[in-house]
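Look for subunit A in each of the two complexes below; its partner is subunit B in the first and subunit C in the second.
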Partner chain A sequence: MSVDTRRAAPEVATDDRARVRRVGRGALFLVMVGVAVVMLYPFWVMVVDSLKSENQFLSGHGFSWASWRTLTSTIPIAQEVVSSTIICAVSILLILLVGLPAGFAFAKLKFRASGVIFLAIVSAMMVPLQAILMPEFVNITRLGLTGGYTGAVLVYAALGTPFSVFLFATYFRGVPDELIEAGIVDGLGYVGALWRLVVPIAIPAIATVTVLQFIQIWDDLLVGLLFIQNTSERPITVGLAVLAAGRTTSIPALMAGSLVSALPAMMVYLIFQRYLVKGLTMGIDR
Partner chain B sequence: MTGSTLGARAPRLTLRRRRQLAGALFALPAVGLVAGLIAVPIGQAIYYSFTQWDGLTSTWIGPSTWTQAFHNPNLWTALENNAWLLLAVPFALGLPLLIAMLLHQRVIGWKIFRSIYFLPTAISWVVLGLVAERFFAYQGTLNSLIHFFGLAHVSTNMLGYESTALSALGITFVFTMIGTNTMLFLTGLATLDTSLEEAARIDGAGRWRIFRHITLPHLSRFIQLAFVMTVIALFSALFSLIFVMTGGGPGYATTTMEFLIYQTGFAQGDFGTAALYGLILFVLTAIVGIVQLRLIGSDE
Partner chain C sequence: MAEITFSGVTKVFAGNVTAVDSLDLHVADGEFMVLVGPSGCGKTTALRMLAGLEEISSGTLSIGGQVVNNVLPKDRDVAMVFQNYALYPHMTVAQNMGFALKIRGESKAEVERKVREAATILRLGDYLDRRPRALSGGQRQRVAMGRAIVRSPQAFLMDEPLSNLDAQLRVEMRVEIARIQRLLGVATVYVTHDQIEAMTMGDRVAVMRGGQLQQVAPPQALYDHPANEFVAGFMGSPPMNLLRVRTSPSRGRVGIAVGDQRLDVPAAYGATHDLPRDEDAEVVLGVRPEDIDVVGSDVSGPTLKTRVERREALGAEILVHLSVADSGPASSVAYDEDAVVSRPTTLVARMAPQARVEVGDVLMVRLNEERLHFFDGRAGVTLRRERV
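Right after this comes the complex of A and B.
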């Protein structure tokens, strides 16, 4: 037993090691497929359950397009998608319009107490909406902004602004002072310098804010639930959640609606993945 | 000589002045928005927490509102639920760390796997909650799996019982956090200098030692950030999941602080107490937030 044949033949040993490595790689691949199955599970549920009529769902047998065909009559899905789109677009526009000049100011046009004010705004990032929900709700209602999208848009903009200011300020710190000064000397003025010099180089940061906020706002429930009073102006997540909570809607229809609501955010996410990563690790990724 | 310096200084001073003015004006809309919709409501919440308030009229009661609130068992149940849910945090960090390490091995197709793993991140927690409900349902996937593995007589209905609903919520929470945290860790691993690992391997260090002494310390800031983000999500982002999956029940089994605020305010119409609960949540997240600010701040 002490005479190990393998030790006598080194080329066999390396062969063995290569095989062990190959088996290791294979096992690793299988584990990764397993994880992929788990992560794809939500899509599988949505697709499979939506391809059933209510009876087929209850009996557990058969497939059909029934739930998709009747989707628009079960859920006002088109109107909800339009609402979600409008709310997202206007909120993000407002966040950019407010965040870009502020980020520029805090990075390059420091004024008295700008450091403290910047810190205060960044701290606001940590305030969860639920913490100020009651006064916020009463204020917005008293101002008469819960009819239509205005109230929800304002709340989303306020919640998104701190992060965007932080991100833009961090980004603009890398812009050389000389560039802006040259612009001012050339008579661009500060608005011109911001618009013509700073914004064009900030496109990646703008993309990051847009993508992160789009997913955040598109996926949100609480703001849409409370700050939009008319059911005819509900965004899609609110529509789905209210139907689900009511527990009277057929699950296949609900799953079809879920799939419709998930698609836009997934597309945005797949296309702009790297901006998302950049935004998440902002501040420690350097 | 002196004249020219003075002459040069005067316009530069006004230039500086103008720049400051421009800066202040540029910052104003953002400051106004955050002040009006975040700072002012915090102040209002403090005021209203001392009142009896139904949203229309408020009557000053004084500090007794606070002692009353702390005698309310529902508050303690909610805080307890939040504390129990903290047990999910190690899983919400550990699993993504493991997945990130796997992805970092870069087996064939790792980029596709990466996209798949991150995909649920884009989906609303409302939708993930709906799916989770299907998973835990009596005729759902969980029971199919249990039966598949030969335990035909065992059937669970985790969302239906007070003893298990919170665990089901915690498991769903872990799933929803996997994408984001994996993304963070993978970014961290990408910044790791591979020559360090290589050198350690040549020096005869085993895998565990390399992980323990090189990879993990390198990732520490990413782990800290993920920890803070996970805890904040746990305190303030579960609303969608709870609303869809359990509505806070059975009983108060899955009512967390944030859901209690919503229930107290909008189901019971007790705006004053809800505002007070909001402040408690605010303090809880502020503690976590200070840690976060220090993490970001130490970089600058």
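Right after this comes the complex of A and C.
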């Protein structure tokens, strides 16, 4: 009896390939689990330690709300969260209000020297905050805006706008001209076409700008520390710095504060991450 | 509803590129005018100037007697259908169709009524709540039409609206668009590069090339009496055979030499055409593929001895590529950079599928003596006195 090796051989090869693929996938999974643990462990520590009193933290046993009570009695945490929210919201609103029309103009309108101006705006993205902090401070002080939110909001908006212009211009270049022309023939002007036709389909780009700017502004300490001198209007990052600088030495209370500070940025990221991936990869498949 | 008039309309783009060169064209109220021509001939630019999407460099453009050179697109009261439909992706079919009315400030009830009416005409009633991405190509095309017709505009402008559809759907939509246009009786300017669409849809067809208008006429007149070599070569598939030949008068009659063969031009052409009387003048002879018949060697009339080079069976007909046998250097097909190119000294004949023709056969063919075309050898314009 003869064995048909011609048919058996490919099956063996297929089995081998499948096994290699399974092992590869398993290994990749383990690596990803490892990375996830490394990323999530500090967060876990923050959550667990914030639910302990000073003594429980030192002994390593038990849970209580003591650190949260310490936190809320030491600094006006709720009000600082509100301040951070206001600063973020207004700054992002300004960034969008400037970035959307500017990006649209660079992508879709023909005007003299648009290329050079676009290049100048994009190159502003490369300038680090620290390099312009002192002139900004002098300017804002001269304008008398260093007390409350206004100065910080202007600085954040100025820093975030170049990136948003760049991102929106890139995104809008992918929007067919005919869509805008159809709107114009239907009775819209360019402004109408932007707000009623282009913005509704630019949600991924808007989400990307919103998330990235939110994380940046929410987590920033320097601008808040310098430009917001009214203690009643300081953001959460400044509050935490003050807390760590001597108001309390309780690690659990600091953990609780850090958690309050980190949570909103994480939530914003999780809510918008679906759009974020779309927004960041746009243009790749065109 | 209104008539449209282009008077010496010119468009010069940056870099001194003339896209449309002094276009004179009148579209009557309710007329279906097709602008046809190869890529880059200026037809789309002309349409975009009409829509107000492109500025006019010189000349005047009027809609309904009003000069619109400096009128904004939204105030021209024209509706446009784009090649890629340009539907608003975030709106439903009904919202897409009613958008222009909403901007105009019409009441919600009125918008709904008009959208329903248009949807009935277009058989879109079941899809009003869908988004464009949930529609097939043909349905999207109909929504684009619907968006135009709900507005009851003064004119419809259509920029190659069928070119993204597959062949079968294109035939269906061709009929559909022509039906709707006749139903509504709105002046329509339809841009296409497809001469079949031009022939089947337009009341009149304007053929453009290199920014210049070549000829405007009803489709059949255009086919029967092309004004120049370009139109002759562009309209018709396969295109008209164009042979660059030399006159060879004999015994008071005009004859032409095709290679070393001689054709007598029927005397009737002397009355209708300005044929050169000199010996050896260059003319271009045009003959449509359907005007070539296989005959015996003993028949009279303009006949040529040819050899079958290639045979293409299309089912309903056969296209036979014939070389003019023993042809010398004097005979060659007139070349035109934009015309569909055929091989030198080759004629394409359209024959019935039963015709027993094989590659290599030597055939005597007769050209339909009532349907010969003559063009000036240099300028390429028809030698026919009465122009269409």
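Here, the second predicted complex is superposed on the first by the 223 of 286 C-alpha atoms of A that agree within 3 Å, B and C clash if a C-alpha of one lies under 4 Å from a C-alpha of the other, contacts with A are read in each partner's own complex, and residues count from 1 in each chain.
Just so we're on the same page, a contact is a pair of C-beta atoms (placed from the backbone, for glycine too) under 8 Å apart; a residue touches a chain by one contact, two chains touch by 3 or more.
It should be emphasised that the depicted structure is a prediction, and the values quoted were computed from it without experimental measurement.
**Q** Touching A:31 in the superposition: subunit B (first), subunit C (second), both, neither?
**A** After superposition on chain A, A:31 lies in contact with subunit B alone.
**Q** Examine A:186 and indicate which partner it touches, taking first as subunit B and second as subunit C; both and neither are also allowed.
**A** A:186: touches subunit C, not subunit B.
**Q** I'd like to know which partner A:268 touches here: subunit B for first, subunit C for second, both or neither.
**A** first
**Q** Contacts for A:197 in the overlay, against subunit B (first) and subunit C (second): which applies, first, second, both or neither?
**A** Only subunit C; A:197 stays clear of subunit B.
**Q** Subunit B or subunit C: which reaches more residues on subunit A?
**A** B
**Q** Contact-wise, after the overlay, does A:154 reach subunit B, subunit C, both or neither (first, second, both, neither)?
**A** After superposing on A, A:154 lies in contact with subunit B but is clear of subunit C.
**Q** Starting from the residues of subunit A touching subunit B, keep only those that also touch subunit C in the other complex, and list them.
**A** On subunit A, the residues that contact subunit B in one structure and subunit C in the other are 184.
**Q** Applying the document's contact rule, which stretches of subunit A touch subunit B when the two form their complex?
**A** So the residues of subunit A in touch with subunit B come to 25, 28-29, 31-32, 35-36, 38-43, 45-46, 49, 60, 97-99, 101-102, 104-106, 108-112, 114, 117, 120-139, 141, 154-155, 157-159, 161-162, 165, 184, 190, 194, 215, 218-222, 225-226, 237, 240-241, 244-245, 251, 254-255, 258, 261-262, 265-266, 268-270, 273, 276-277, 280-281, 283-286.
**Q** Subunit A touches which residues of subunit B in the complex?
**A** My answer: residues 15, 18-27, 29-31, 33-34, 36-42, 44-45, 48, 53, 55, 99, 102-103, 105, 107-110, 113, 115-131, 133-135, 139, 141, 175, 178-180, 183-184, 187-188, 191, 221-222, 225, 232, 235-236, 239-240, 243-244, 247, 257-258, 261-262, 265-266, 271, 274-275, 278-279, 281-282, 285-286, 288-289, 292-293, 295-296, 299.
**Q** Which residues of subunit C touch subunit A once you look at their complex with the stated criterion?
**A** Interface residues on subunit C, with respect to subunit A: 51-53, 73-74, 78-80, 82-84, 86-90, 99-100, 103-104, 147, 151.
**Q** Spell out the part of subunit A that touches subunit C in their complex, as residue ranges.
**A** Counting only subunit A, the residues touching subunit C are 176, 178-179, 181-189, 192, 197, 200-201.
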